[in-house]
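Two complexes follow with chain A in common, the first pairing it with chain B and the second with chain C.
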Partner chain A sequence: MKLKEKIKIREIVPFLSLIAVILFFEIATNGTLLTFKNMKLIFNQAFVLIVGSVACSFIVAQGDVDFSMGSMVGITAVCAAWASHAIGVFALPAAMLLGAALGVVNGILFVKFKIPSFVVTLSTLMVLRGLTIFIAGGGSVSVPFSLYNYDSFPLKLTICIAIVAAAAFCFNHTKLGKWSKAIGSGITAAYQSGVPVGKMRLFGYGLSAAMCGLCGFFNMVRAGSAATNTGNFFETDILIALVLGGMPLSGGSASKIRCAVIGSLTLAILLNGMVCWNLNEKVQQGIKGVIFLIAVWLTFDKKNTSLIK
Partner chain B sequence: MKQEAILQVNGIYKSFGAVKALRDVSVSFLPGEIHGLIGENGSGKSTLSSVISGIYPCDQGEMFLRGESYKPAGIADGEKNGICMIVQEMGTIGGITVAANIFAGKEQLFSRLGLVDKKAMNRAAQEALDKIGASDIKAETKIDEESFENRKIVEIARAMYQDVQVLIIDETTTALSQKGRALIYRIMDRLRDENKAVIFISHDLDELTAHCNTITVLRDGVYIKTLRGEEIHPDAMRRLMIGREVQDNYYRDDYGDYRGRESVVTVDGVSTEGGLKDISFSLKKGEILGIGGLTDSGMHDLGRAVFGLEKCERGGVYFSETGEKITSPGKAIRHKIGYVSKNRDKESILNQSNIVDNICLPSYDKIRKGVYIAPKAEKRLAQQESDMLKIKMSSLKQLCGQLSGGNKQKVALAKWLGNDSDILIMDCPTRGIDVGVKASIYQLMDDYRKAGKSILMISEELPELIGMSDRILILKDGALSKEFERSRELTEAEAIKYMI
Partner chain C sequence: MKKKLTALFLSMTLMLSAALTGCGSAQSASPEEPGETQETAAQTQEEQVMQTAQSADKLPETFKIGVVIWSTTDDLGGASARLLDYASEVIGCEMVYNTNISSPESQITATENLIAAGCNAIAICNYSDDILPKITSLCEENGVYFTLIWRSISDPEVKEIVESSPYYLGNTCESEEEIGYRMGKSFYEKGCKNIAVITQEKGDATADARDAGFDRACEEFGMNRISEVRNNTLTAEETTKAVENFLASFPELDGIFVTGGSNTILEGVIQGLALHNKTGEVKVACIDFISDLDKYIEEGAIDAISGGHFVDPLFSYMLMVNQLAGTPLSDQCEQIDLNFINLESPEDARNYYQYCEGDSYPYNEEEIRSMVKYFNPDMTIEELKEIAAAYSVEDVVSRHGDGDVEDAADE
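Now for the complex of A and B:
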């Protein structure tokens, strides 16, 4: 009985913290938080977080992480900015394809060369950032005016809903999701039950990076340019969002797309709220770190995790 | 006649959440007793021994060690009091030497100026190993280089190094070959002669009859009865454990000519890095093909190789009909082969997932419509298979980790039956499983065979091999040493001859 109650509490903590964050900043900022104008700002921030965290849910469900997401966003944004002068909006699929290809490289290094995934993705994080700086020539690459139209609220909202719906469907009702969760629950048993572990890993990293391409494109059209620092710290933000949403970082059957969405919203509101509250930027970084710690401490199931690994 | 007990357990209660694992259990362990503790899976025998050894505290009740109140604060505290336990699963620490394992936590015995005197420690460890008759294990080797069996023996040496009052052996023998078992039996006899007590947990009733002088039966967490001397008999034990009469013979009873059937899987000259040497045989339609041998004879590797888990250096495993080579589990499963591993918790079950997810895992291609896997279809398949196998569970949503060993094994089987497998590779299918479930698994295997499907059964239990197989292949040092046809006359002694 006790155990059941505990599980339920862990499931509702993310909801409660989302509500708490909204209430706190609504009061602290004297109501600016929930004005329509500000909510649009929050959505703009939440959009990339939701797309990114939902996309990497598959790899997280497998019990792995993708630390290269920040640089994936950076390099796809810069390349898309270059390309957009020639091919216009087709820079979007191009960015996603580039992302997917780079993601598959992550996957191959992990699967074929058997290098631990966090080492692989940390390395590509650094390598790709360097490459981004090289391509951008140390400055920024501008975007043609015609593309500014794509920074539109209805368009992004539609894309966001479509991605979340598709991901939730795949995660819960197709082999892609079920196999990912099985790998996180017990990789040996999953392999012996016919789960193609190597292919699923390639898929996971490919998907995560392809969606970084999408994020890169929308980052670029929003900023009007892509710079060497585009996407910096995206990977840590995603990690914080996932943990805030209650996603188990050890993966497995407790993973849910819901966690990614709720966590992204919580983080976006938190970041926005701190700006509205006129907090010093350096203090904001510190608070983010502290919140990450607390979230891990609250949602991390110490007992069960030691059981798995 | 009334002796003072070494260990007296009075009115022990222990619950895990809503599950009452022990209810008012009282047992006395007298000097010179080899005290068998028996009961079906989930009857509370492991819980009781864990409470005694100090792994977890009891909720209520008290224990007395040589008349004095005994409340172990943990497993180390239990050891200090002379109560040692050898557990079912791995209890050694990887990455260090055999000697370091034997003296883990007791390094101060050999410390000189704060440094551990490795030589002295190795010497003492070797003495400890020699003392229990395991001189073939060298104290200075890395524990990881030793076989599962030898690692168990190292654990025993560790336990025996100190002044043991009560030695608890929890289902250890099922994982050992004849050699390891003989060693354990010798130690048990010695402790008995020294007027110490041994608590011996096993599912093997013949083994219990042969070695114990006292047997206590538990059922559903309740003390049932203690049998002594003449009262100890497999039939009596079985009756008390299950609470009703069961048939004595649960193996199949048909004997006949099984030659001339078509082959389904051909193993052709397989050699592997793991030590299999040029093995060839074929698995026939509708047969149970038994594979026997010592633990390290390569028989477990052979099962893995047939399922595509081992890389063949030479030769290969082929589907007889198409001649296609089996190179991965995925390929094997597509051709309707299922594999039930010996290592249940790590390799055949997802403990953190529920029963539905576990049963459906290999069958998504069977139940999906397009890409969509309907929750209803999953539930239907899981319900159907768990009903057929009579899996004891609170609901289909229960996590598999909460099931007892026998029920986990049933889930592992349900997976492959749900997938309509035509060929099953079963590695130690009844390891650590109580008689009730054992009988139902044998029945299932027999039905499966009669339906024209094939089973490759790898087993360390000779009675099971002889009782269930159409043919038996004996492996020795990675090579085939003998093939037996099914026969009433085949004895264990005859089979063992080709194993060692």
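Now for the complex of A and C:
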């Protein structure tokens, strides 16, 4: 009974936190937060975060992490920026394919060479950032003005809904999601039950990196360029969003796609709200840290402390 | 269980509210003053006249000015923010800073959030030219004026797009390439041949221009750029390690050029050299000022240093304030050129900190007001440019000095 109640608390707290944050900033900003214009803005800012954290959910559900997402976004954005001069919007699938290939490399290093995921992805974070600097020619790469049109609210909203719906369906109703959660709950049991652990891990990293390609493309059209520091700290934002959304970093059956969505929106609203409220920029980072700590405290399963595999 | 849940939620909300409320800035404090004046019946006529005069010292409306800047806590960013806050207090504006700018897309986000926060105008220290078309369209869509700080636009296509916008008011900038060249030349004059460089990752417009100027000097004077460290987030400790690596790998090293010494990088270089008894032997040239410069110059830890350009945003700010007040200084975008200040002796450094940065500001209340046409109808864009061009320690001392400059320097 007690365990069930604890699980319920963990499930409800992120949602209540999101509502609390919305209400607080709606009052603090004298109604600016929930204007249609500002909500569009928040969604625009949260778009890549939602897509990235939804994709990362498949990795986190398995109890693994991906610290290379920021660098994945960076390298795919820079490559897409170069490619966009030749192939226009087809730079998007090219970026996703490149991302998927790099993600599979991450997965192979993890699965075949038995290197822990955080070591692999920390290493690729640095390798890919170095490559990005090299490919970018040491600066930023501009994109054709015609691509600016793809930084559009309706397009992003459609893509976002499609990705979240597809991910939620796969996560809850297909083997992809069930196996991912099974691996997070107990890898030995999952393996003995016939779950293809290695393939699922490859799938997780491939999917996550492919979505980084998509994020890289949209970051690129949003900024009108891709630079050596495109995607900087993206992985940190993803982890913060997942934790704020109540995603257990130890993975397992408590993992939910909605955690990614709720967490991303909470983080985007926090960032927007603090500026709209004219909160001193010097304390904004501190506030983010405090909220992150509270979120971890409220949602972290203290009995399962084996976080990173 | 319900109690526990309620307690958790309430405690979280309370903590959040308390933290945020405690840290909130003093918003919209000034507009209350005229109201209070009217309501206080007991005030004497003389006091009322004085208050009327005071209110005439402020702009007719409290304009909200946003600044997209890398930080307001390092030496350069902090000094600039203090000066802008001071100027805003003098003329009655409100400042909002956004420092969440780790990448080009986050600069766009920062600008969007400042617009959402209701800023009437925004000053941007842009990462590169490439993001400016996007920023231009954002500002146009929302009717927000914008300027660039510490930056000029080098890409002709981007320049044309940005300068054709009625919302772009102009920029303030320094000759970054030239200062890089001068730093390189100073190494040559001190007999250096093999120089290591500590700079930003490629893509930062300012660091790249300084780098290019330094490379030009190396080529012209036959010096070698033997190694480099590129990192946008260097700390003092990391810089010290980098210097130790330079010393271990290149015994012939006789100079270190720091393209941006703010944010404790220069302190790291000085510490690294001191730890290996190389102070004075390996020459150090740096752009950006840090505190305790007089001490470092006296000890021979720094051989050439230029900076003092924290006043840069003030001139872009004046372009925006004049426009918002309905008294634009120009009907087209303007570029304001600012000089770097070179400190060559401990006395120079002491004068700089006594009169320009620190407890005092390079422009007093009267001078700040005089830059706004609303208060000073004679102000023109040419005059503002002249004020910027004249900026130097000598200029500030001549305006604010009390005649005992040398005494102060000798203390």
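As a working rule, the second predicted complex is superposed on the first by the 296 of 309 C-alpha atoms of A that agree within 3 Å, B and C clash if a C-alpha of one lies under 4 Å from a C-alpha of the other, contacts with A are read in each partner's own complex, and residues count from 1 in each chain.
Criterion: contacts are C-beta pairs under 8 Å (C-beta built on N, C-alpha and C of every residue); 3 or more make two chains touch, one makes a residue touch a chain.
Every value quoted in this text rests on a predicted model; they were computed, and no experiment measured them.
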item	value
Touched partner set for A:Val51, first chain B, second chain C, both or neither	neither
Partner chain(s) touched by A:Ala260 [first = chain B, second = chain C, both, neither]	neither
Contacts of A:His173 with chain B and chain C, given as first, second, both or neither	first
Which superposed partner A:Glu281 touches (first chain B, second chain C, both, neither)	second
Which of chain B and chain C A:Ala94 touches, first, second, both or neither	neither
Partner chain(s) touched by A:Ala190 [first = chain B, second = chain C, both, neither]	first
Partner, of chain C and chain B, that touches more residues belonging to chain A	C
Partner chain in contact with A:Asn232 - chain B first, chain C second, else both or neither	second
Residue numbers on chain A that touch chain C, as the complex places them	5, 9, 12-13, 16-17, 20-21, 24, 28, 32, 37-38, 41, 44-45, 48, 133, 136-142, 145, 148, 151, 219, 222-233, 271-272, 274-284, 286-287, 290-291, 294, 298
Chain B partner contacts - residues on chain A that touch it in the complex	1-3, 173-175, 178-179, 181-182, 185-186, 188-196, 252-254, 304, 307-308
Chain A contact footprint on chain C (complex, rising order)	1, 4-5, 8-9, 12-13, 15-17, 19-20, 23-25, 27, 72-73, 94, 96-100, 102-110, 112-114, 116-118, 127-128, 130-134, 137, 155, 201-203, 208, 230, 232
Interface residues, chain B side, partner chain A - complex	17-18, 307, 309, 329-330, 333-334, 339, 341, 346-354, 357, 360-362, 364-365, 368, 371-375, 401, 415
